[in-house]
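Here come two complexes built around chain A, the first alongside chain B, the second alongside chain C.
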Partner chain A sequence: MTPQTGRSAGPGVPRGDLPHRAGATGWFDTRHRHLGDWAFVVNRLSGLGLVAYLYLHLVILSQLARGPEAWGGFLAIATSPPVLLFDVLLLAGLLAHAFNGIRVTLLGLGLVASRQKALWVALMGMAVLIALAGASRILGVTS
Partner chain B sequence: MSAGVTAKRGQVAREPDAATRGARARGDVGWGWAAQAATGAVVLVLVAVHMVAQHFILPEGLRDYAQVEAWLRQPIVAAVETVFLASVTAHALLGVRAVLLDLGPSPRVERALTAGLGVIGVATVLYGLWLTAVVTGLA
Partner chain C sequence: MATLLQTPRPGADADPAAPARTLRVRRHRRGDSAEGWDRYTAPVGPRTTVLDALTWVRAHLDASLNLRHSCLHASCGTCGMRVNGRDVLACVTRLEDLPPGEVSVEPLRNQPLVSDLVVDIESLYESLDGVRLPLVRTSEGAPGSTPAEGVGHLTRFEDCVECGLCVSACPIVASDPEYAGPAVLGAAWRLVAEPRDRDPEPAYALVDGEQGAWRCHLAFECNEVCPTDALPAEEIARLRGILLRHRVVRWLQRHARPEEVQP
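Now for the complex of A and B:
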C-alpha cells in the first residue's frame, strides 16, 4: 500500500473528500476533524516555521564570516531574554514536529495498525517532558 | 477513481482531472514521501547531536568565535555538520514541496517546483561549505 501523508477515508473514496485535500486552506476547515487531522495541521505549520528558522539561522551564521567582533555582537543578542523565550518556542516546535514525524512515519509504513491514539499521547507526552526540561535549562532555572 | 464524484456531507464535489493536475492532486504521494521519511530519520538523530554538542554541553549555551573555529577544525565535526546541513535542507525543502503539491499544480509546474527547490538545496549546502571554509581558514 502506498504510504499516505493524511488520513485515508478508505478504498475507493476520493481523497478530495478529506478536509486537508482542498489545498492549504483545507487545513483550517474544522469540519469532520479527527485527531489525525489536527496532527497533520500541527506538523505542516511547525514544519513551515522550522523551515523559516533554518534559513534565519543560516543567515545569522554569516556573522561568523565577518569575524570575532560580529559574532560576539550576535552572542550578546542571542543570550538576551526575548531571544531565550523564542528559543523555548523553537524547541517546543521542533519537538512537536519530530515526535509527530515519528508517528506519521510509523503509520505510513503500516507498522502501527491499532492503538494510534495511545501512540500519539505517548509521543506527545515525551515531547512535552523534553520541552519542559529544555525550557528550564534555557531560562536558567537549572544549571 | 471514477470521473464523477458525488458530493458528500454538504461538500462541493471536485472533479479530479488526471490529465491537467499533478500527481499529488491525483492522490499519488510518490517518491517525496519516502525521501521525507528517510531524511527525517537522519535529521532526528543529527538534530539531537547538534542540540547537545552546540548548546547543552556549553555553560553559556553558545561558542565564542575561537571556540567555533577550534570546533569546526576537527574533521569529524565538519563532516557531521555537513551531513546534518544536507539532510536538514533536503527534509525542509521536501516539506515545502509537499505543501506546494497539496495546492494541486499541473505536472509542468510540479517539475519546475522540484527543480527549483533542488537548486535552492544545492546552493544552501554550498553556502554551508563556504562558511565552514572561511571560519576554519581554508578559504
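Now for the complex of A and C:
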C-alpha cells in the first residue's frame, strides 16, 4: 500500500536491531503506573491464584474418595486458624477478580470508558466491604 | 561500557556557578552486546527541559549521544523517551518539575532500539498508514479557539502526533509484538467514528481480530502517557462496542437469510 503521507525515518536511517521489550514480567512492574494498570495487575494475580486454588480444591475433594477418616482429618485442618486466614485471602481474591470482571465486561462493551477509574474504585470498594463481612464470619468475629 | 561522570566545560555557553542537574542516560551503540549508563551534568535554568539539557550535553560534552527531536513544542512527536521511568516528550518535560536528584533518561520501550535514545518507529508509521486516518477532523472546529483577524477558520487536526509513547507504555505490546497496539487502534476508532469519505471496512478488518481491539487488556496506561489527550484506551473500548454491535448485526443478517451464507 502506498503510504498516505510518505512518512519515513529517512533514507539511510538504520532500522532498530534490539527488540527492547519488557516481556510478560513487565506486567507486574507497577512503578510509575496508574490505577488502570493496578486493575490489570490485580486481575492477573487474582486469576493466577484462583487457577492454583482450583487444583488445590480438586486435591481436597479427592479426600472424599479415601473414606470418612481422611475427610474428617481434612476438616480438622480446614478449621485451623492458618487455613481460615487462607480462606479470607481466597475470598478477597475471588471478589477482586469477580468485581474486576464487571469492569472488564462494561469496558468490553464500550461503556463507561471515560469513567474507568471511578468504576474500578467503586467496584473495589464493594469487594472490600464484602470481603470484610466475609472475613468476620469466617474468623468468627460475628456469628 | 564504562560509566562516565562528566561536568560542563567552563565557558561553553554555561556559567560554572549556575544550577546544574545530572542526567543518567541509557547508552547503547550499534554492535555493542550490552547497554550501559553514562552520567552528564548540564546547566539548568527555570525553564530548561530534558531535551534542552540533552542537546546541551550533545553540543558540549559528548557528540556521540544519539537522540531525535524536531519541533520543540510537542507537535512532531519525535522526542519521546522515558524520563525517570515515565514515557514523556522530552521537549515539554521541565527539569524543575522533576524530583531533586539524578534524572534517568532511557529510550522508549517496545520498539526496536537503534542507538542510545533513538528507537525505530518506522513500523508504527507503517501500521498507521495501513489505517489511512485523515489528518483533519471535520466534525468539529478547534475548541475554545477564535481565529485571528484575517484568518477565515481554524483547521482541527486529529489529536495523535504519532509519538509512540502509548506503544512504550502498553503492557500488552511489551509481551506480544503482534498486537496492533494503542496508536493504531485509536486511529482505527477515529476512522470508524468519522470516515470522511474513506471506507472504514479495512479498518474493521484490521482491528476485529485476535491481535486487534480484543487483545487490549484495559490497563489504560496509553491514556496516562498520551501527551495530546488522544486517549487511545477509551477509543479502543468504544471501538469494541462498535465491533460487538457489528458482529451481532452480521450474525442476525446471516441467520435471517441463511441461503446467503451457503458456500
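Convention: the second predicted complex is superposed on the first by the 116 of 143 C-alpha atoms of A that agree within 3 Å, B and C clash if a C-alpha of one lies under 4 Å from a C-alpha of the other, contacts with A are read in each partner's own complex, and residues count from 1 in each chain.
By our rule, a residue touches a chain if its C-beta (ideal position, glycine included) is under 8 Å from a C-beta of that chain, and two chains touch if they have at least 3 such contacts.
Predicted, not measured: the structure shown is a model, and the values here were computed from it.
Trainee: A:108 contacts which: chain B (first), chain C (second), both, neither?
Mentor: both
Trainee: Where does A:68 make contact in the superposed view: on chain B (first), on chain C (second), on both, or on neither?
Mentor: Only chain B is touched by A:68; chain C is not.
Trainee: Which of the two partners, first being chain B and second being chain C, lies in contact with A:37: first, second, both, or neither?
Mentor: A:37 contacts chain C only, not chain B.
Trainee: Considering only touches as defined above, state whether A:82 meets chain B (first), chain C (second), both or neither.
Mentor: Neither: A:82 stays clear of chain B and chain C.
Trainee: If you stack the two complexes on chain A, which partner ends up touching A:116: first (chain B), second (chain C), both, or neither?
Mentor: Only chain C is touched by A:116; chain B is not.
Trainee: Which chain A residues are contacted by chain C in one complex and by chain B in the other?
Mentor: Dual-contact residues (chain A): 3-5, 14-17, 20-24, 31-32, 108-109.
Trainee: Which residues of chain A touch chain B in the complex?
Mentor: 2-5, 14-17, 20-24, 31-32, 44, 47-48, 50-51, 54, 58, 61-62, 64-65, 67-68, 71-72, 75, 78-79, 94, 98, 101-102, 105, 108-109, 137-138
Trainee: Would you pull the chain C residues touching chain A in the complex into a rising list?
Mentor: 28, 30, 84-86, 107, 109-115, 119-122, 125-126, 129-130, 132, 135, 162, 171, 173-175, 177, 217-221, 223-224, 233-234, 237-242, 244
Trainee: Please output the residues of chain B touching chain A within their complex, sorted ascending.
Mentor: Checking each residue of chain B against chain A gives 1, 5, 8-9, 11, 14, 16, 27-29, 33-34, 37, 40-41, 44, 47, 56, 60-62, 64-66, 68, 88-89, 92-93, 95-96, 98-99, 102-104, 124, 127-128, 131, 134-135.
Trainee: Over in the complex, which chain A residues touch chain C? Could you list them?
Mentor: So the residues of chain A touching chain C come out as 1, 3-5, 7-9, 13-24, 26-27, 31-37, 39-40, 43, 103-104, 107-111, 113-114, 116-117.
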